[in-house]
Amino acid sequence: MKVLFLGDVFAKPGRQAVKHFVPKLIGRHGIDLVIANAENSSGGNGVTPDTADELLAAEVNLLTGGNHSWSKREILPYMERPGCRLLRPANYPKGTPGQGSAVVETPDGRKLGVVNLEGRVFMRNLDDPFVVVKEEIAKLRAAGAKAILVDMHCEATSEKNAMGHFLDGEVAAVLGTHTHIQTADARVLPGGTAYITDVGMCGPWDSVIGVKKELVVQRFLTQRPVSFEPGKRDVWLQGAIVDLDEVTGKARSIERVQEKLPE
Amino acid sequence: MKVLFLGDVFAKPGRQAVKHFVPKLIGRHGIDLVIANAENSSGGNGVTPDTADELLAAEVNLLTGGNHSWSKREILPYMERPGCRLLRPANYPKGTPGQGSAVVETPDGRKLGVVNLEGRVFMRNLDDPFVVVKEEIAKLRAAGAKAILVDMHCEATSEKNAMGHFLDGEVAAVLGTHTHIQTADARVLPGGTAYITDVGMCGPWDSVIGVKKELVVQRFLTQRPVSFEPGKRDVWLQGAIVDLDEVTGKARSIERVQEKLPE
Amino acid sequence: MKVLFLGDVFAKPGRQAVKHFVPKLIGRHGIDLVIANAENSSGGNGVTPDTADELLAAEVNLLTGGNHSWSKREILPYMERPGCRLLRPANYPKGTPGQGSAVVETPDGRKLGVVNLEGRVFMRNLDDPFVVVKEEIAKLRAAGAKAILVDMHCEATSEKNAMGHFLDGEVAAVLGTHTHIQTADARVLPGGTAYITDVGMCGPWDSVIGVKKELVVQRFLTQRPVSFEPGKRDVWLQGAIVDLDEVTGKARSIERVQEKLPE
Amino acid sequence: MKVLFLGDVFAKPGRQAVKHFVPKLIGRHGIDLVIANAENSSGGNGVTPDTADELLAAEVNLLTGGNHSWSKREILPYMERPGCRLLRPANYPKGTPGQGSAVVETPDGRKLGVVNLEGRVFMRNLDDPFVVVKEEIAKLRAAGAKAILVDMHCEATSEKNAMGHFLDGEVAAVLGTHTHIQTADARVLPGGTAYITDVGMCGPWDSVIGVKKELVVQRFLTQRPVSFEPGKRDVWLQGAIVDLDEVTGKARSIERVQEKLPE
């Protein structure tokens, strides 16, 4: 099974990149399933029912989230709808709206389990992702998914790499999101788990991690609050393609994706 | 001028990778100057006179540092020696031992100014790197360096990218270190500054950012202190080669380097 | 000279406590000057021209600020007016609107220098308060102030206590703000500096540090964003009275103040 | 039932204060049970079998811990002994050595449940103290304890105050430790829970939160590692006396304790 996993889709430029490239990549690589992190899809901060639906209409099968999942209030009831295809990190407190994992199926019925996690180092005080991921894996296996992909939405390279090794051999892929910068360490770990510290952002690269660069520089220079707006130019789609074996639940290969939107 | 810049050299495996590859890369690419970040060169934590000298003997022209520069006490007097070729971040408080910038010269007398900075987001409470870098640039220009390379030792992708855009057109290169994971965003920014968020580590990749992976996983699982040891296997040299024009002070190109040490 | 120093004035309840008690305390204790931290005076978050003027009309002679000084944009031009009696922390970057220190005078011409600082541990990446305070002290001495009072707006008890000892004998008082909880460690340090880690908040105590308690508990339980509103009941004025010698610049005594607003 | 609760016992001076004052306070106030936080009892950093036993021999009935509980390795097997009277925070991961709660009994058989928690804001990535405390309360109730005392070892005033209100009416006392500075907010909350944000340290006050003051100031000034040693002079015992009703499980009163060791 070939899975295209896309990093944080940032504002309108990110959504445009998804709409432009996903159908092309599906055709070119024989992609079976597409997953994208949507936490920045609404104006660079949060996700709304509209931006979620827009991405799902663009041949994306499942959306994940992160620390910005909660920025737009109107997404909470959307997350609670039966069959909702937008996840939020699984390690929020019990009772949090929405789901932290799901099984997606290819048209011919092959299953992939997906877990969305959020790291804790330099981030929020959440439940232990190393504990929660084991519970979610068990749930997904019980639901018939032999192959599992983990979106590790996380700041620190240490926490992401630790999760990769922790799950090596147990899941098909541990793929990082959140830093918005793709890393050059994609590989299949010794146990058979595809790993990359961060797949990078889908959005404007002439920016500071998506945001208009002058505004972020101003915030660093003044240390005072500055209102952020998305950048606009040099838009890229970034992610990774994982080829995994849905019977053994292991990865055959992982390949980074970087595609520039024509201007 | 072609400059090979190497990321955090981690423990003995990292030093071996430097000794093995630097002479080869100099020959293969026509490298004029080699710079390496040495903050983890001693056992993965800190730098000693011995590990600094070992790297400088391996055709490295200048060493930089970071938050781990201070872990081994015996390095302080070394940093104070006249002509010392080991920098520490420039934005430590006034009176800090050592230097935060230096001019290095090719055998035929072409000059490169180098500034070492440390970020503040998720790190120490240091002086403002955005202010200090301007002062250091002025000093280096006064010392005759038209081209300047900045080692931005820093955790957050936002702070590193902001520094890149802040200095775009003013220096030849802003190259990140500290996260130990190479990023896939090397490019020349619109103003002519070569940029990469992190050049990655020289060290054992079968690890969590250099450290034996089981130990780091154990620390995440227990949240208690765990003594760290360096990893050993799958050793890589990582860095970037910047081709810069020492007359205009701008970059022509930047290319990532990843070389695996034969086992 | 007797100085009444009041901690973070929180929203309308805090302003009411100031208006109710300040005239009484001036009379009861023979207060010469009143200083209050205004960073939470507007709705619990920030300070506006109106809330600043309201406090200054209530016989407060000078206002200080903190990390929340910047929450309301309309305060920036107010801070720039000549003779403005609202300070902001001195250790923001050069070019920050407003002043970080000032000299206030009693009606009979006795002078007190006031410095406003913000800590860095667990807070923003500001200039070094230990360096900046020395520069501000020199300025205030040059302006004729022999006695100096420092508002150390700061989270960590270690950083506040370190500042107290660092300035012991050099200033008349180092008084902490920001945690909103008064500490029971008011004393004159060996060198003659009055010290307290935090003078506490002027505001509703039936709250979590000023905010409606149910809302803060909800944020801890959910780890999701929650809009905050000020608490309302159990309103207290909190601060300290420092008796200082304006000739020697040392403190004679410090006394905690806690006064409950009649309901 | 009258309970004397003592804050972080810091190094030898702290232990001396405990030995000097505890018998006196038991007599003077008719104390039924004594509890002390021991996380700094060994040299200011950690707790050893020797320092734990020394405190337990000084009429202390139960010891609690915090983020420093793990600094000395030899304490781990001690924590695992049956009947061990040294707790560690309850919200460490499952499988952590030792216990996070216990029932202590007066000589005449009246029971008090004690829970030790550690906050997460600005601290470690632990399990949710708001969830764990409910589980521990249920365990203690099942073991026959109607009155429960919580040691909330925690940095942020917001998290401590939120815990106080969260448990108001459900436990007899929520008493803070960790900042080493006593707060002046001891009171019985509306629901009947005795509360104080921090009871303060037992140790040398001529220090920065226990540590030799010159060393801490040096660390702030240099931002480099500095080896810490305990302060020596101006030694105080600090804590609180809670009078609680072991039948209703509510508090009648709380009173701060500050006693200076004769020099």
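A few points about this structure:
Order of writing sets the labels: A, B, C and D. Residues in every chain begin at 1.
By definition in this document, a residue touches a chain if its C-beta (ideal position, glycine included) is under 8 Å from a C-beta of that chain, and two chains touch if they have at least 3 such contacts.
If you're wondering where the values come from, they're calculated on a predicted model, not measured in any experiment.
Think of each touching pair as a link: the shortest run of links from chain A to chain D has 1 of them. Averaged C-alpha coordinates put the centre of chain A at 44 Å from the centre of chain C. One finds 30 Å separating the Cα centroids of chain A and chain B. Taken residue by residue, chain D touches two or more other chains at 93, 125, 221, whereas all remaining positions touch fewer. Under the stated contact rule, the graph of chain-to-chain touches is complete, every pair of chains being in contact. Chain B meets chain C in the complex at residues 93-94, 120-121, 125, 127-128, 131. Note for the complex: chain B touches chain A at residues 122, 130, 155-159, 161-162, 165-166, 179-185, 190, 197-198, 200, 205-209, 213, 216-217, 220-221, 256, 258. On the side of chain B, the complex with chain D involves touching residues 70-71, 92-93, 95-96, 124-126, 221-225.
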